[in-house]
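Heads up: the structure comes next, in structure tokens.
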Amino acid sequence: MCTIRCFEESVKRDFLNGEIPGFVHLYIGEEAIGTGICAALRDTDLIESTHRGHGHCIAKGADVNKMMAEIFGKKDGLCHGKGGSMHIADFSVGMLGANGVVGGGYNLATGAALANKMVLKNDTVSVVFFGDGASNRGTFHEAANVAAAWKLPVVFVNEMNCWASTTPYRTTTAVENISDRAKGYNMPGVIVDGQNVFEVYQAAVEAVARARRGEGPTFIEAKTYRIEGHFVGDPEHYRSKEETMEIFHRTDPLKLFKSQCPEGVVFEQEELDGILSAAREKIAKAKEYAVSCEYPDPSEYLTDVYAE
Amino acid sequence: MRKITFSEATREAMAEEMEKYPECFVMGEDIARQGGIFGQFKDLPKQFPGRVIDTPISETFIVGGGVGAALAGARPVVDMHFADFIGVCMDEVFNQMAKVRYMFGGQAKIPLVLRAPDGLAGGGAAQHSQSVESWFIHIPGIKVVAPSNPYDAKMVLKAAIECDDPVLYFENKVLYKETGEVPEKADEVPYQIGKARVEREGKDVTIVSYSIGMKNARAAADLLAKDGIEAEVVDLITLSPWDKETVINSVKKTHRLCLVSECVKQGGALAEVAAVVAEEALEYLDAPILRYGAPFTPIPFAPTLEKMYRVYPEDLVKGIKGVL
Amino acid sequence: MATELLMPKLGLTMTEGTIDEWKKKVGDSVQKGEILYSVATDKLTNDVEAEEDGVLLKIVVPEGETVPCKTLVGWLGAPGEAVPDGSVPAAASAPAAEAPAAAAPAAAAAAPVREAGAYVPATPYAKKLAKEKGFDLGQVPATGYKGVVVARDVLGFTPAAAAPAAPAVKASPLAAKVAADLGIDLSMVNAHGRVLAQDILAYLESSREKVADEPAREEVKPMSGMRKAIAKNMLASVQTSPTVTFNLGIDMSEMKRYREQLKAKEIKVSYTDLLVKFVAKALTEFPLLNCSVEDNKIIYKHYVNMGVAVALDNGLLVPNIQDADKKSLTEISAEVKELAKLAREGKLPPEKLRGGTFTITNLGMYGIESFTPIINQPEVAILGVNTMEDKVVVRNGEMVIRPIMNLSLTADHRVVDGSVAAQFLQRVKSLMENPALMLA
């Protein structure tokens, strides 16, 4: 969580300084979800991420140096500078990619689950992250239905952060909880506090175990709030900054962590501070690495279109 | 040599590839229990239990799921029922299937085949008769093939399945029933995606086509031969990436180019051929490039109207004679 | 396949047409929309456009000949294509596939001569070959589609320089140099034996004299189709109708006032428009001036289609305003303007030229005071309008100045006797001098 927070803060700073091209979408305040979910996964399990995907990528174990280099568009980045923030992937850790198309990941995760269960005959689990906005895509319906019908090992993780870009979810969505929709597919729908990494983790462990047992998909709705603008630079005229900051200070998962620890798990504040400063140092080095890397050779634009 | 239908040829290709690759499977609507609406998957479920999958009517899943399965390490073949329905899952085709390899810097390999039965089949009308290949030759990252005879149908499908890139395999509904010589497996010559074939040699005009359009190309060449005009007929087979060299070499020989396809002429797949020949071999042209294709209308239903939609060999003959 | 060119039927009543002029020669290439020939009818001349690209293969009906509508007048098709009577135009080659190279020389003789510097349509491949061989494309006769120079033309072309040389003209070295400097073709120079420098100077002198010749004193030019139609119609009119012309001056004071009032209300009308309106009203009261004569029968028209003569650069047309008696002044004004515009642009539909019942012809703008217009058959009368001038007239025993305009009415005495014509003209005068009567 600390690594994600520091990574995002660094990216925000560098983007505003004009060092990062394109757009970036930050995960600040939502760190507990990616962290809790990925903690329940094996390295070989697969995740489909979103345009707000740095947190998922880090949580799944991607190298932050190579991630940062990718976000800077460098040739040593995870995707050799071809993807950038919105299209970042690290197949070596089962991170099958962020997706620039909102709602683009469901079918990919479900298809991967189908292949693993029905064709390749292994017990790999797929996770797809998506926001409340993406839950209104038709692709959700097609994937959820297939996953449930064939009891595929998929975990649908809804990051219910209340905002679809600039549109509050209540103005476009009839259900109170996105997970209410799980019933329609005959799959369990679980609501967790997305600011509590332990609660998220617990739900993930259960969902992943169920998937591995061949009992099919689970829908986890993690309640959270999008603290940053839709993208860095979003003037956020559509909501009150004060309200957002009030929510952040009240629900910051990093601050709440100590109090949320289960019985018997005790962290000293110094220990926590140490973790945070280690993370800060790690990200500072990642940035240094990214800056030191070369941009891809212009001739590289032609490579990787086809495998053969 | 033995003769089999186009449909049987594709089935043989599927069976041989599924035998070869245990990770190869096929999914689509009505393919397992029914055997495909054109019988192209008949008997495969018995031979490969569990690997021929009937899906719900969920095109975005069929294609998106195929991409996901490929990412997971499978070698999927997905069937689109009618090519017309690709529109339903266009995002999965052009933002996912076509992009994941490039945008992830080559980490992904997508050995996926999307099979799409297309073309006029008599009364299919506007939403069940289209030839939509031209949409896809505009998309880098996918390959587009459209064989014109049973032997090619088999070899091109095998090549598509073996290819580690996503391939759109357009199979014409009318051609399914046509028979042709297909050698025994031992005598097969593998097809290399991207290669065209000079099917008939000639010196007066080059006729380029693919899929069902080849019927017009062949018939026109026969009619022209009666008047002593020798047409060279080139079957493009792969529309993207297409075999520029073979076409340009033929134009250098005949100095005239005639293009024919069943798809809408405006922005049709062969418009690219015309453009490239004009760009790279203009000085070899001794006549304007002729193009034949469907008019700029949706496909009508009534037989009298559908008749107007089609291209006939006589059209090509008239046009070619006009520029000789 | 070659396409038949048929005499068109331009409107309901046309039964035959005269080929006025072929705008293309046999062997010329034609693009869709280009004018192939013009057709003269008794009313006007129409251009006939090609419906498709091709080459004019054959002319069946020569210029000046009149044939019924739908008669075959010529053939359009691909170069070298045979027309159904079996003949192959001389200018075209045999089908390419058989002997392309051999066909070209035959075509050379009939190839159209191009103007120097004109763009030569040629295929890219023909251009490439010509460049390689060092040929001037403009010298290469075209046998391709749309008259384009194609590869076989270049391959079969023998440039003039390479042709068997004409017998060399013997000349002294000085003569040769002078000729070269002055750009004179030695073969044109008269000489006894060897050409000497003095022969060249003499040739130069004689050629200058030719340039100084006076221009021809007369010139013969064929009549245009419209001219022919006018000539025919005018002659027929004087041969048909015994005419009398009546002149009457009109005090235009009220008309002027009336026009000013309309103008103040943003309604701008011309005197011609006013005349159309007032004369139409008078015609409804004098049916004999609005009739026609056929086989000893008088055909009375219960409508007034008012013809208005429109002068063109090369002739004259008389479109008519249908049902002028039922139209408002503003409608008439708009229609007169539109018809005149169409007539000048040559876009007048033939039906606007038919069915007139009476004609007004205005020469007032040229200061004409009186004339004897010729009746536009089959009408029986025509009203000539003259200039409006301030004149001294006597009113109530006093001399006053009034704007006076003469009207010149020519009427066909077969049906219109003098008294009738005079009463009609009187009525027009009273209406125009008292516009309020229009309402009565």
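For clarity, chains are labelled A, B and C in written order, and residue numbers in each chain start from 1.
Methods note: a residue touches a chain if its C-beta (ideal position, glycine included) is under 8 Å from a C-beta of that chain, and two chains touch if they have at least 3 such contacts.
Quick caveat: nothing in here was measured; it's all calculated off a predicted structure.
Look past chain B and you find the other chains held together by touch in these sets: A | C. Set against the C-alpha centre of chain A, every other chain centre is closer than that of C.
Separating the CA-averaged centres of chain A and chain B is a span of 39 Å. Distance from the chain A centre to the chain C centre is 81 Å, each centre being the mean of its Cα atoms.
Each chain gets a centre from the mean of its Cα atoms; for chain B and chain C, those two points are 58 Å apart.
Among all residues of chain B, none touch two or more other chains. Residues 204, 227-230, 255, 282-288, 321-324 of chain B touch chain C in their complex.
Against chain B, in their complex, chain C makes its touches with residues 78, 95-98, 123-128, 144-145, 150-151. The touching residues of chain A, counted against chain B in their complex, run 46, 48, 77-83, 87, 89-92, 96-97, 99-101, 104, 106-116, 118-120, 124, 126, 138-139, 142-143, 145-146, 149, 303-308. Those residues of chain B that touch chain A in the shared complex are 23, 25, 27, 50-51, 53, 55-56, 58-61, 63-74, 76, 91-92, 95-96, 99-110, 140-141, 143, 163-165.
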